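There are two complexes below, and they share chain A, which is joined by chain B in the first and by chain C in the second.
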Partner chain A sequence: MNVKATIDRIDVRRFRFWFQLFAFAFLVYGGWLAVDLGNSLPTFACGYNRKGTAGVCYLLPLQHQLAQPWSQLFSKEGLAVLGGFALFLLWFLVLNKAWCGFICPLGTLQDWITGLRKRFGLRYSSYSDEQFAKLTWIKYGLLLVVIFVPLLIGGHFLTHDWGTAYCQLCPARMIIPLFNGDFSQWKIDFSSTGRMVLTALGMFIAGLFLAGSFLKKRFFCFFCPMSAFHYIFAKLSLFKLKKEGSKCTVCGDCYRVCDLQIKPIADDVISQDILKDDCILCMKCVAACPEQGALRVDILGKTVFESTKDGFAKRMGMEDKQ
Partner chain B sequence: MLKPIAKILLCAALPLTAEAALWFSDQPPDKRLMKDMKRSHGGHVFMENEVYVKQLWLRKGESLMESAYAEPARTDFKLVDTKQVLSVPDTLESGGHSAIRFKMPDEGYYNAYYSERSVENGVLKVDAAKAEILKHNCRLGHNYDRALVNPNRWRDAPLDIVRLRLPDEDFHTRIRSGNLLKFLVLHQGRPAAGAKVRLETQKGWINVTRTDAEGVASFQVIQDNFPVEEDEAERFVAKPAEKEAAGAEKPADKRAGKKDGLQTEDGEPSKWQANKEAGEHAEHKGDHSEHKEAASRWGGDRREDHFLVRVDYQTDEAGSYQGQAYDKIHYSAAMTGSYAPNVQVSQSKSLGLIYASAGFLTVGVGATAYRRRRIKPFKEVDFDER
Partner chain C sequence: MSAIPEHEIESGVQRHARHQGMEAGGVLDQVERGFAGNPKAMQYFYDLFRDVYCEGVKPHPDKQTIGTMCVQIPDEIIHAAGGVPVRMCNGFYTDEELGSEFMPAKSCSLVKASLGMLKSQTNPYSAGIQTIVNPTTCDQKKKAAGMMREMGYDVYDMELPPVKESEEGREYWRRSVRKFTQHIGKLTGKKVTRRNLKQTIQQVGRAQLAYHRLNELRKHTPIPILGKDIFMVTNAYFFDDLARWTRATEALCAEIEARVAQGYNAAGRRSPRIVFTGSPPVFPNLKLPLMIEQADGVIVADETCSSNRLLNDMVSVDEWFMYDMVDAVADRYLKSCTCPIFTMNDDRIRRLIELYRTFNADGIIYQAFAGCSVYEMEQRSVAKAMEKEGIPMLYIETDYSPSHAGQLSTRVEAFIESLKSRRRQML
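What follows is the complex of A and B.
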């Protein structure tokens, strides 16, 4: 059996579990080993996890940079913003949204909470099509917060109390530092009106996150502005999720395993580039597809993992019965 | 009647009368220069080809708020960079006063020194100013050598004040109210025991102590920097009529303001000086409006006040300076620093947990109720088989 066939038969769930565990430990504790991947990571390596983090989520420095006075931002100094963005793009283009499915510490944490729910034998929740259609826009709203609130600060329309507004709302700020024993972010800051509003909302969202992740798979990813930001540049990535519509029988297996309830993965038999804005590129759909070559993952145009009958049979434990 | 007498008695009892201290300030005498400056971790800087350039002016006075911009009597400036290399910074005329200017290409602390000497009543007075300036740019990352956080110093300084670092201090650490600040006083490189150390905050809180056998003096930073709500600040703003009345009473003082250099290039007294002249009400306005301005720009917990620390130390060395004999040397040195409010004062963990619990329950109870509502109760269907 060649390497390609071995990869196609891989147990994606197990591979992903160990990969996520490693990535989580690396990003959350790597700082203790002096690992520093910089400030432009396209994932929630939270900068508030001060000592432990091995790099910083790009949304934090982006908000800092955009909050410069406009006279600086729209001058030669503003080029530094482009420098940080270029680095973010480089990181992102390599792995596309697999940053979410394999590396994001907050995503991994949600998968672990889902595992806990399964142990309790509780069924998961899902959104109706109408709810899905409405809620999917929230992440774009939060992306606007990431970009426009700092710009309004730079233009002196808002005070610096509203600085890093999204980070104040993000549950990663409260939850990731906990893994290094740091509870300092669990607070409401009354030093100003802006801080009070943001930190109160942040604490409320942290509570939503914990309960929501328990009931709904990848609860927060659906609202994640990083996911929306990724999707803007997803077409440029070297890493692609492709679908061969002619080979699809629309059996719906891919949709049923999808943590983000992305319906077009099953229904759309026309698009080739099937990556959607909510996708986290976890590859569960490829692993669950029983049709030879209907779904595949390409890197630089070369297929590295695709759905095969053989792989499907192995993963479903049907090989032994045959 | 008793009030003025009590004031006189209180003043007589205070052993805190300060002589004029010489210190460095990065606030330009002409505020228009601020337009060309950028705020950085080490205060205001100019940018020159992406390199931070610091400019410092000498000021002299009894306290932070009572000091005027001063002209140096000599050009005895020294600069110790992050690699402990000693050099002489450039001097220039800026904002109508002499200043020193130096580049800060490397991350870490730069130290500027200045000293001047004179003989008065048989005592050689050595007055020194020191500034410790941090260069840190977050864009360069945070994987820096932790040793760079440690203080640098000029080993031949006649009298040096070294701020000892807080536990776990890094480039982002702020001195906050409640912190125990420690200063090591060195006389010609050796710890100076028994030196008088005086710390005064921008608000006028003063504490005086003496260094111990190791040359260390400690102060717990006071909490005198409270958030000022907009309506509260408004109450302290002097009304135009009050201002006019107060200003009309002291035209001569206004001219005196010009003399000590507390003025802008327009010939108008500086904002602080104008407030001071306008009497007690306006003094409140000065404090609170500055607070309000700072708070609005930088947020509650980032609001900073300054302190001035001054050291006096005397030795029985005899000699002569420029033909004048002396039998004692009185050293003094001063430097400034900044401190922010204690964040714990304006934070609530318990309320935070209540809000988080509310979020948790909203989803938990909401989802449970939604699921229950969707369970359709069993309904027996009867068929009439007749």
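What follows is the complex of A and C.
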């Protein structure tokens, strides 16, 4: 059997589990081994996990940089912002949203919580079409928080108490440091109104994160501003999720395994580039597709993983069933 | 003067049974002896039909058989409850005559024949069936439920939505399937559990894989197997033992693969390749498929609920627990179904175009049973789409009666000749 056929038969679930475990350990504890991937990472390698983190999530420095006084930001010094952004883009373009499905520590954590739910044999929840349509905008709202709150600080419309506003809301700030025994983020900061509002909300969101991801697969990813930020540049990536509409029977197998409930993955038979804003490129859809070549992952125009009847049957345990 | 020998006058029921046997035997003879070079592995299927329809051997004598009326009734769940699903869609002209008392004159042959079979009870195929699961597909099947109830059958109405694209439709159908899962367990006395449902999902999946393997081989030129044999294989899936059917089909695949390696041609040198669609050919009503292949056409693919649609789409489970498995089974039977009872038929049109292309076909033959209004109504949109694509299509409205065979075969032959000359012009 050739290499391609072997890859197409891969047990994506298991591969992802081990890859995610490795990535989690690397990003959350890599700092102890003096690993530093810089501070433009397109994933939640949380900067609040000071000692352990092997790099820093780009949203933290971005908010810092955008909070400079406007006189600085819109001068030559402001060009530094572009430098950080270029690095972020470079990281992102290589893997596209696979950063979410394979690397993000917060994403991995949600998958582990899903695993816990499965231990109890409990059903997952899902959104109705209407709920989905409404909630899907939240991540763009949070992206506006990431960009405009710092700008307002730079323009002196808000005080520095509102600095790194998104980070104060982000569950990663509270949860990731726990893995290094750091509980210091679990408090409400009463030093100012801004701090108090943000940290209280942050506490609430962290609780919501834990409860939500127990009930719903990848609960938080649906609201993630990083995911929204990714999507703006996703079309430029070298890493693509593609669909061959003519081979699709619209059976919905891809949609039904999708953690993010992305319906067009099944229903859209026109688009070639099928990556949607909520996608985390986990490739579960490709693995669940029984039609030869209907879904595939391309890197630099070369197919690296493709749906096959054979692979589908292997993964579903149908192949050797008597 | 010698004594008059004991002579018993045949009863109506006996006569019906005899006519049925004659009808089945006649078609089997055509299928088996009318063509040269049958695959050896097909013998299993020929014998199976002969045993059941001509010799009166009852399938599954020691198991509880559950009658199903349409392709949407989930086999996986019936098997998991220890039952055997047997499809009640019937193809006998003799039964159609009997069943016509229930339905208006201009209604579907298949529904009339199914009612006739259930009424006469002479068909060993349906012997022992007490429960019939009837999905709310077309109006005729829906109304047939009441008549089956009147005959004394235990009919379970399984509610199917008329729209398959919406989440509301999907949820509605999922609820139907969940309810059915509960119901069937009570009926057979064996609860559907996580373990046995997983097993039957995989077993049915394995059978589907065997079908896919066989179907893929039909993409080859020259064609290694005739369409009439494929219809026999898929029709056998209606009632055969699942594991035995899978083994027999896998054996057939192995033989056909060997044929492909040798470059064997099961059809003529220039036989046009046909995609068959529309109202389902059900044994012994293989009238049109046989006519096509007798006229030097060869059916290389089909889009019907007695064949491809029955086995094409497979269950995909994310979490192997009851809550996800039952829903996964439900999804398989709704979303990809190209039954014309749904509001939209885009999927069916796309499927036909894809089959035409990938199976390297020359044309499409569309069968509509007179009175099968949904297929009759879809004809216009399908014909339009095929014209736009430049795909030749022959639309044939027919029923189970053998009376207008001459007229029909003239049309089929003319179409096949036109495909041949079309291909010559294109070269």
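The working rule: the second predicted complex is superposed on the first by the 321 of 322 C-alpha atoms of A that agree within 3 Å, B and C clash if a C-alpha of one lies under 4 Å from a C-alpha of the other, contacts with A are read in each partner's own complex, and residues count from 1 in each chain.
Everything that follows uses one rule, which is that a residue touches a chain if its C-beta (ideal position, glycine included) is under 8 Å from a C-beta of that chain, and two chains touch if they have at least 3 such contacts.
Owing to the predicted nature of the structure, the values given are computational and were not obtained by experimental measurement.
Trainee: So in the superposed three-chain picture, is A:266 touching just chain B, just chain C, both, or none of them (first/second/both/neither)?
Mentor: Second partner only, chain C.
Trainee: Comparing chain B against chain C, which has contacts with more of the residues in chain A?
Mentor: B
Trainee: Between chain B and chain C, whom does A:90 touch in the aligned arrangement: first, second, both, or neither?
Mentor: neither
Trainee: Considering only the touch criterion stated at the top, classify A:290 as touching first (chain B), second (chain C), both, or neither.
Mentor: Only chain C; A:290 stays clear of chain B.
Trainee: Tell me the contact category for A:116 with respect to chain B and chain C: first, second, both or neither.
Mentor: In the superposition, A:116 contacts neither chain B nor chain C.
Trainee: Counting only touches as set out at the top, which of chain B and chain C does A:253 meet: first, second, both, neither?
Mentor: After superposition on chain A, A:253 lies in contact with chain C alone.
Trainee: Could you tell me if A:133 is touching chain B, chain C, both of them or neither one (first, second, both, neither)?
Mentor: Neither partner.
Trainee: Which partner chains sit in contact with A:61 here, chain B, chain C, both or neither? Use first/second/both/neither.
Mentor: In the superposed model, A:61 contacts chain B only, not chain C.
Trainee: Counting only touches as set out at the top, which of chain B and chain C does A:316 meet: first, second, both, neither?
Mentor: Touch partner of A:316: chain C, not chain B.
Trainee: Just chain B (first), just chain C (second), both, or neither: which does A:144 touch?
Mentor: In the superposed model, A:144 contacts neither chain B nor chain C.
Trainee: Sort out for me which residues of chain A touch chain C in the complex.
Mentor: Those residues of chain A that touch chain C are 118, 121, 123-124, 128-129, 245-247, 249-253, 256-257, 266-267, 269, 284, 288, 290, 309, 312-313, 316-319, 321-322.
Trainee: Which residues of chain B touch chain A in the complex?
Mentor: Against chain A, the touching part of chain B is residues 38, 47, 138-139, 141-143, 227, 295-302, 341, 343, 346-349, 351-353, 355-364, 367, 371.
Trainee: Would you tell me which residues of chain A are touching chain B in their complex?
Mentor: Listed in rising order, the residues of chain A that touch chain B are 34, 36, 38-39, 61, 64, 72, 77, 80, 84, 125, 159-161, 163, 174, 183, 186-192, 194-195, 199-200, 203-212, 214-215.
Trainee: If you look only at chain C, which of its residues touch chain A in the complex?
Mentor: Listed in rising order, the residues of chain C that touch chain A are 165-167, 199, 201-203, 205-206, 208-209, 212, 243, 312-319, 321, 323-324, 327-328, 331-332, 335-336, 347, 350-351, 353-354, 357.
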